[in-house]
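Structures are listed in the sections that come next.
Consider the two complexes below, in which subunit A is the common component and subunit B and subunit C are the respective partners.
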Partner chain A sequence: MSALVLELDGVSIAAPGADEPLVRGVSLQVAAGEVLGLVGESGSGKTLSVRAVAGLLPAGFETEGVIRIDGEDIATLSAARLVDVRARRLGMVFQTPRAHLNPLRTIGDFMTEALVTVGGESRGAAEQRAMELLAEVGIGDPERRMRQRPGDLSGGLLQRVMIAATLAMDPPILLADEITTALDVTTQEEVMAVLADLRKSRNLAVLFITHDLALASAVCDRIAVMQDGRIVETLKAATMRADACDPYTQRLLSAVLPADLRTGEKGSDPVLVVEGLRKTFRVRAARGGRRESFVAVDDIGFSLSPGGSLGIVGESGSGKSTTARIICGLERPDAGSVSVKGEDWTLPARGTAGRRRRARIAQMVFQDPYLSLDRRQTVRQCLREAVGVHRRSDSLAELDARVDELLEAVRLDLALADRRPRSLSGGQRQRVAIARALAADPEILVLDEAVSALDVTTQVEILTLLDRIRRETGVALLMISHDIAAVRRLCDYVVVMQAGRAVEQGPIADVLDRPKAEYTRLLLDSIPHEGWVPQRRIPARTQSLPSVATSTTPVAVPPGRKR
Partner chain B sequence: MSASTIRQLLGKLGALALTLFLSSVVIFSSILLTPGDPVAAIAGGRRPTPEMIEAIREAHHLDQPVWLQYLYWIGDVLRGDLGTSFLYKAPVVDLIAPRLGVTVLLVLYTIVLIVIFGIGSGILAARRGGAVDKTVLVATSVGVAMPTFVVAILLIWVFGRLLSWFPVYGAGEGLLDTLYHLTLPAISLAVLYIAYLSRITRSAIVAQQGAEHVDTAMVRGIPRGRIFRNHVFLNASPQILSISGATVAGLFAVSAIAEQAFGIGGIGSLLVEAAARKDLPVVQVLSLLLVALFVVLNAVIDVVVAVIDPDSAKSRRDA
Partner chain C sequence: MSVGQLAGGRVPRAARHAARRDVLFIAAAAVMAVVVLVSLIGPFLAPYDPNQLYVGPVSGRPSAAHLLGTDDLGRDILSRMLAGSPTSVFAPVVVVILATSLGSVVAVVSAWFGGWVDAVLTRIIEVIFAIPGLVLAVLAVSMFGKGVIAPVIALSIAYLPVVSRLVRIGARTELGKPYMAALRIQGVGSLAICFRHLVPALLPAILAQAAIGFGYAMLDLAAISFLGLGAQPPSSDWGVMISSGQPSLLAGAPEQSVFPSLMVVLTVLAVNILGARVTEWAEAADR
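Here is the complex of A and B:
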C-alpha cells in the first residue's frame, strides 16, 4: 500500500453549545492514488468531516481527534503554517461551482490567484500555467475562457475550472464534496472521466463525498458508509454488495427505486394535449454584440391522460423546462398549441381570475424546496395561504381542516406544521411544496426537477408518495427531469429532448429498454452502474452540435430562466 | 469598448436627457400651480397700474400660450440666461454664482466624512463582529434617528459654546478658514448618512462574507486581506454604491438645513428663502440644478456599477 496522505483518527465535531457531537470518532485513511468514497444521507456528517480537514467549519465548532495531512498533525502546526499546508497540499471542489466562483471576476483571475499569492509566481508565468491546467482538464480555447466570467460558462465547464484551479499547487489530496450532484448525468460522466484521468496521471488521493451509492461504487476503490456522525463500515467497492453487513448499508443499497409504480388509466380523453410547440429566444451572440435566435423548443407534441404520468428527459439546455413553463403559462410559444381539457391554453391567462382558474387545474412543484418556500412562513401559514387562494370564503377553521388533510396526504407529521422551512429536512420541505401544489386539487401536477436535489433514499420516498397521490386523487403527472432513473420509476410515457427537439418518445419500456436514438443511449450509458467507466464524450458531441457546444450554455439560458 | 457597451451608454444618455426634460417641464409648471398672480410677485408689493401689468405680462411672455412660455424659458436657461429674481431684481446667475462655491465645498466635505466614517465603520463592524459590531449598531441606531437640525443644535452647543473649538457662524475666508468654519455644518449633515451608509455597508459585507466562493478562496490559502478586497468588498460595492449614490445626491437639497443653522450663505439657504418668498425664477433654476446633479450623479454611479458587474447590467437590459 502506498503512503497515506490523509488520515483522520477519532475525529469528533460538535456545534457550539450542543451536547451531542455531530461527528463522532470518525477514522479514515486515504493513500496516494486512492479514491475513498464517503457515503451517507444528508445530515450524516460527511460534509462536516471534510470541512474540518479543509478548515472551513463554521465559527465556534469544536474538533477533537487527530487530522494528518501528508503525515503532519494539523493540531501541532502554527496558524500561518496550517494555512500554507492547506493551500499547497489540499484541493477542494464543491457541489455548486456557480456559487463557489466569484461571479464578478474572470476565470483567469480565479485560476492565477493562488499561483500568484500563494505560489509567488509572476503574473505571466501564472497565466501560462493556468492555461496549461485548463487544457489538462479538457477545456478547449483556454485563452478565451480566461477572459470570461463564470456567468458565461456552463455548470459542467465551471466544475472543470474548479478542478483545474485546485491543481495549481500540485496538491497530493483532492477533497470532492458532492461535485457532480448539481450536474446532469452526461456532464457528470465528463467530470468523473476528468477526475479519473487526473488521479492516474498525478497519483492523486481523492476523498469523494456523495450520497449516490451507485456513483461511489463505480468510481471509488473503497467506500466508507456514514450514518448519524459515525462510520458504520468501510468496504471495498468491488465487493461491496456481498460484504455489506451493517443494516444501514443494506438499506442504502436497497434504496433503489421500486420498479413499476406506474399504472395508467387508458381510454379517457387526455387532460393535456400539446402540439407542434416552438419557442425561440433572442439572445446575444457568443461573439460581438449581435443578437441571434436560439431555438429552445422545436416542434414538441404529446398528450397526457387523466391519472397518467409523462416524463420529459434531457440535459440542461434541452428545452424541457421551457416546455413546462409554456404549459404553465409562464412563457408564450411562437407556434403550436396547448390545450387542457379541450380548452385553449396556448397563451398565458389574462387577469387574476383567469390565472386562478388555471391554477386550479395545473400546479407546479419546483426543484429547490429551499428556494421555493418562504422562509418566514410556517408550514401551516404557507398551506393556509395556498388553500385560501381558491376558497376565499372559508373560515380559518375550515382552512386549517383542509391544511391537515393536505399534510395527511403528503404523510407529513402534524407536529411539523408550526415549523419554518429552515428546521425541516430537504425531503420534508419538498413534501410541503407538494402539499402546497395539491391545495387547489389540481388535475395536472408539473414536477420541474422536483426530486433532483434530494438524496437517493429521500427521492424514493417522494417518488413513492407522488405515485400514491396520483392513484388516490387521479392527478396527472408531468415530470421534467434530467434523471432517467427517476422518470423510469414514475412515468408511463417519456419524451427524450435534445437541443429543443424530441429525439424519441413513446411508452417508457419501449424507449428506455430498446432505445432507437443515439442520444437516448448516451443518456442511459451515463448513469453510473456496476462496471461503469466514465468516458469523455465531449469531442463527439461538439461535432454533432457545433452551435451549442462552442457557445456553451448561456445561449441556452434565456432571460428569466433558472440555470 | 464593445458595440453593446456603447449602445448601452447611448441608451443611458437618452434616458438621462428624457429625465431632465420631464423634470424641467414639472419645474416650469410649478409657476402655474402656485397660488397668487406672478405679475403681483414681479411688481413686488407696489400696486401695479394696468399699463405696468401689461408691460410685465409682455416682458415675461405671460400673454403667450403655456407651451410657448416653457420654450422661451428653457431656451433662455440653455443659453445661460437664468432669468431675473423677482425679489432682488438681479440676474439669478449673479445670486447663485457667489453662493455655489461654499455649498459645493460643504457637500464635498460632507461626502468625505460620510465615505470615511460610514463605509469605515460598516467594514469594521462586519469584520470584527462581537462588541465592535454591537457598538456600531447602537451608535448607528442613534444616528439614523437624529434629524439634521437637532445634530446642528447639539454641535453648536457642545463644540461652539462649551468647548469653543469650532466657529458656529458664517463661512470664513480663504480655503483653510472656510473648511474650519464648515466642519460643524458638515458633521451635522453627515451624521444621518454615516449611520445609514454604515448599516448598508455592514449588511452588504456580511452577506458577501457568507458567500460560498469565499470558502473556495479560504481553502486555497488566499491571504485574508486579499479575500476581503477582491471577493467580499468588491462584490458588496455595487450595492453600497447604488444606495449611497441616491442618498448623497440629495445632500445639495438637505444642505439648506445646515446652512440655515450655521448662518452660511449658500444656495441651500437661498433656495429656502426664495421658496418662502415666492421668488420663482430662483426656485426654478435651483430646482433644475438639483435635479440635474441628482440625475447625473446617479447615471455616473450606474456606469461604475456596470463596470464592476457587467452581468447585472446585461440581465437588467434583457429582462
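Here is the complex of A and C:
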C-alpha cells in the first residue's frame, strides 16, 4: 500500500456547550492517488470532519483524536508550521465557489495569491504558473480569464478555477466538499472529468464528500458511509452493492423510487393547455450598463390531462422555472397563451378575487421550503391561513379540523403543528409546503424543483408522497426538475428544454429511452450510473456561455442578441 | 443539542433571561421609566411656580430650598425642568411616530406597487432628503410662526426620507422572497399579505430606526429651541433652558444649562440602549 496522505484516527468533534459530540470517533485513511468518497445525509458530520482537517471549524468547536497530514500529526506542529502544512499539503474546494471568491477581485488576483504569499514567487512567475494551472483544468484562453471577475464566469467554470487555485501549491490531496451539488448534471460531468484527469496526471488523492451515492460509486475507489457522526462502514466502490451489510448503507442504496408510478387518464379534455409561450427579460449587458433582452422562454407548448403528470427537464437557465411562473401568474408572457379548463390564464389574475379563484385550481410547491414559508408563522398558522382563504365563514375549530386533515395527508406528525419552519427538517418543511398547496384541493400542482434541495432518502419519501396524493386526489402534476431520474419515475410526458426552447417532447418512454435530440442524449449520459466515465463532451460550451445564473436572477445574454 | 432545538421557541425566553442580567438594559429601562413618569406628572410636582421670577437668589447654587439652584432671573431650575418635561419628551415622540408611520406607509406603498408609483414617490423622498432638517424647521417656523408645533412638523418631514428609504429596501427584499409569491398563488388577499406578512417582517428595522430617530429628534428639537425658533421663553422646554443659560454659563453659573443638558443626554442614551436591545430580540425571534 502506498503512503497515506491523510489519516484521521478516532476524531471526535463537539460543538461548544453541547453534551453529545457531533462527530464521534471517525477514522479514515486516504492513500496517495486514491479517491475516497465520504457519503451521508446532511447533518451526518461529513463537512465537519473535513473542516477539522482544514482548520476551518467554527470558533469554540473542540476536536479530539489524531489527524495526520502526510504522516505528520497536526497536534504536534507549531501554529506557524501548521498554517504552512495546510497551505502546501491540502487543497480544499467548496460547494459554492461564487460565495468563496471575492467578486471585486479578478481571477488572476485569486490564482496568484497563494503563489506569491505562500510560495514566495514573483508576480510575473506566479501569473505564468497560474495560466498553466488554468489550462490544466481545461479552461480555454486563460489569459483572458485571468482578467475577468467571478461574475463573468459560469458556476462550472468557477469550480474549475477553484480547483486550479488549490493546485498552485501542488498538494498531494484535494478535499472536495459537495463540489458538484450546485451544478447541473452536464457541468458536473465536466468537473468530474477534470478531477479524473488530474488524478491520472498528478497522482492526486481526493477526499470526495457528497450525498449522491450514485456519483460517489462512479468516481471513487472506496466509499465511507457516514451517519449521525459515525462511519458505519467503508466499502470498495466497485463491489459496494454486494458488500453493503449495514442497514443504513442498504437504505441509502435502496433509496430509489418505486418504479412505474405513472398513470395517465387518456382521452379526457386537457386541464392545462400552453401554446407558443414566449418570455424575454431585459437584463443589464455584460459591459457598458446597456440593457439587452434575453429570451428565457421561446415557443413552448404542451398540454396536461386531468390526473396526468408532465415533466419539464433542462439545465438551470433553460427557462423551465419561468414557464412554471407564467402558468401560476407570477410573470407575464410576451406572446402565447395559457388556458386552464378552457379559461384564459395568459395574464396574471387581476385583484384578490381573481387570484383566489385561480388558487382553487392551480397551486405551486417551490424549491426551497424554508424560503417559501413565512418564517414567523407556525405550521398551523400557515395552513390555517391557506385553508381560510377559501372558507371564509368557517370557525377556527372547523379550520383546524381541515388543517389536521392536511397534516395527515402529508404524513406530518400533529405534534409539529406548533413549530416554526426553522425548527423543522428539510423534508418536514417541504411536507408543510405541499400540505399548504393541497389546502384548496387544486386540480393542478406545479412542482418547481420541489425535491432538488433534499437528501436522497427524503427525496424518495416526498416523491412517493406526491404520487400517493395524485392517486388519491386526481391532481395533475407539472413537475419542473433537472433530475431526469425523478421525472422518469413520476411523469408520463416530458418536455426537454434548452436555452428557452423545447428540443424534444413526448411520452416519457419515447423521449428518455429513444432520445432523438442530441441534447436529450447528453443529459441522459451525464447522469452518473454504473460504469460511468465522466467525459469532457462539449469543451466549448462553458466557455461561450457568459454566466449561468439561477432561475430567479437575470441571466447574461450571449452576444449578438441585442434588442 | 440540534440547531432546531436551539432555535425552537427558546429565543424569547433566552431574551427575557438575558434581560434579567443585562445591567445596561435595566439601567436604561429605569431611566426611561422615571423620565416618562416625570413628564406625565412632573408639572404637578414642581415645588415653585416655574415662571415666578426671583423665588430665590439670582444664579443660586443648589441648596435645600432650591435643589438644582436658580437661574439668572431667580427662577427655580428644578421646577422649570419639571414643567418643561412634557414638551421636551413628548415632542420627539410625536416626531418619531409621525416620521416612522408616514415613512413606513410611503415605503410600503412604493415597494408594493413598484413601477411609476415607486419612481414618483422615490423622487419626492429624494427631494425632501436634500433639504437639511434645520433649514426645513426654519422654513416651517416662518410659515406657522414660532412654537413647538412648527418644528415638530418640520422634523417629522425631515426624518421621513431616512425611515422611508430603509423600510423600502427591506420591503422590496421581502416582497422578492418566494414566500410572497407562494402567498399570492394561494389566493391570500393583498391586505392580508401586507399586514400579516410584510409589515411584521419589517418591524425590527422600523423599531430600530424609531429608537435612533428619537435621539436625533430630541437633540434637533433642543437645537431648534436653542436657536430660538422652537418653544419660546418663558416656556421651560429643555432646549430653551439650555439656550437661555448661555450667559450664566460664561458667568460661572452652569446649573441652568447643565441640568437640562444632562436630562437630554440621559434620555437619548436610554432610548438608544432600549432600542438596540428590542431590535436584537426582534431579530433573534425572527430568524
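In this text, the second predicted complex is superposed on the first by the 515 of 563 C-alpha atoms of A that agree within 3 Å, B and C clash if a C-alpha of one lies under 4 Å from a C-alpha of the other, contacts with A are read in each partner's own complex, and residues count from 1 in each chain.
Going forward, a residue touches a chain if its C-beta (ideal position, glycine included) is under 8 Å from a C-beta of that chain, and two chains touch if they have at least 3 such contacts.
These numbers were taken from a predicted model, which means no experiment stands behind them.
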Fit-or-clash call for subunit B and subunit C when the two complexes are aligned on subunit A: clash
Subunit B versus subunit C as contact partner of A:Ala359, first or second or both or neither: second
Partner chain in contact with A:Leu56 - subunit B first, subunit C second, else both or neither: first
Touching partner for A:Ala335 - first (subunit B), second (subunit C), both, neither: neither
First, second, both or neither for A:Val273, with subunit B first and subunit C second: neither
A:Ser372 touches, of subunit B and subunit C: first, second, both or neither? second
Contacts of A:Ala440 with subunit B and subunit C, given as first, second, both or neither: second
First, second, both or neither for A:Val389, with subunit B first and subunit C second: second
Partner chain(s) touched by A:Ser423 [first = subunit B, second = subunit C, both, neither]: second
Which superposed partner A:Val66 touches (first subunit B, second subunit C, both, neither): neither
Colliding stretch - subunit C into subunit B, listed as 40-48, 130-138, 166-174 or 202-210: 130-138
Residue ranges of subunit A in contact with subunit B within the complex: 54-56, 83-84, 86-88, 90-92, 94, 96, 99-105, 109, 113-114, 117-118, 149, 151, 162, 165-166, 284, 288-289, 559-560
Residues of subunit B touching subunit A in the complex: 2-4, 7, 211-213, 215-223, 226, 230-231, 234-235, 308-311, 314-315, 318-319
Residues of subunit A touching subunit C in the complex: 15, 17-20, 325, 328-330, 352, 355-360, 362-364, 366-368, 371-376, 385-386, 389-390, 419-420, 422-425, 433, 436, 439-440
Residues on subunit C engaged by subunit A in the complex (per definition of touch): 1, 4-5, 7-9, 177-179, 181-190, 192, 196-197, 200-201, 286-287
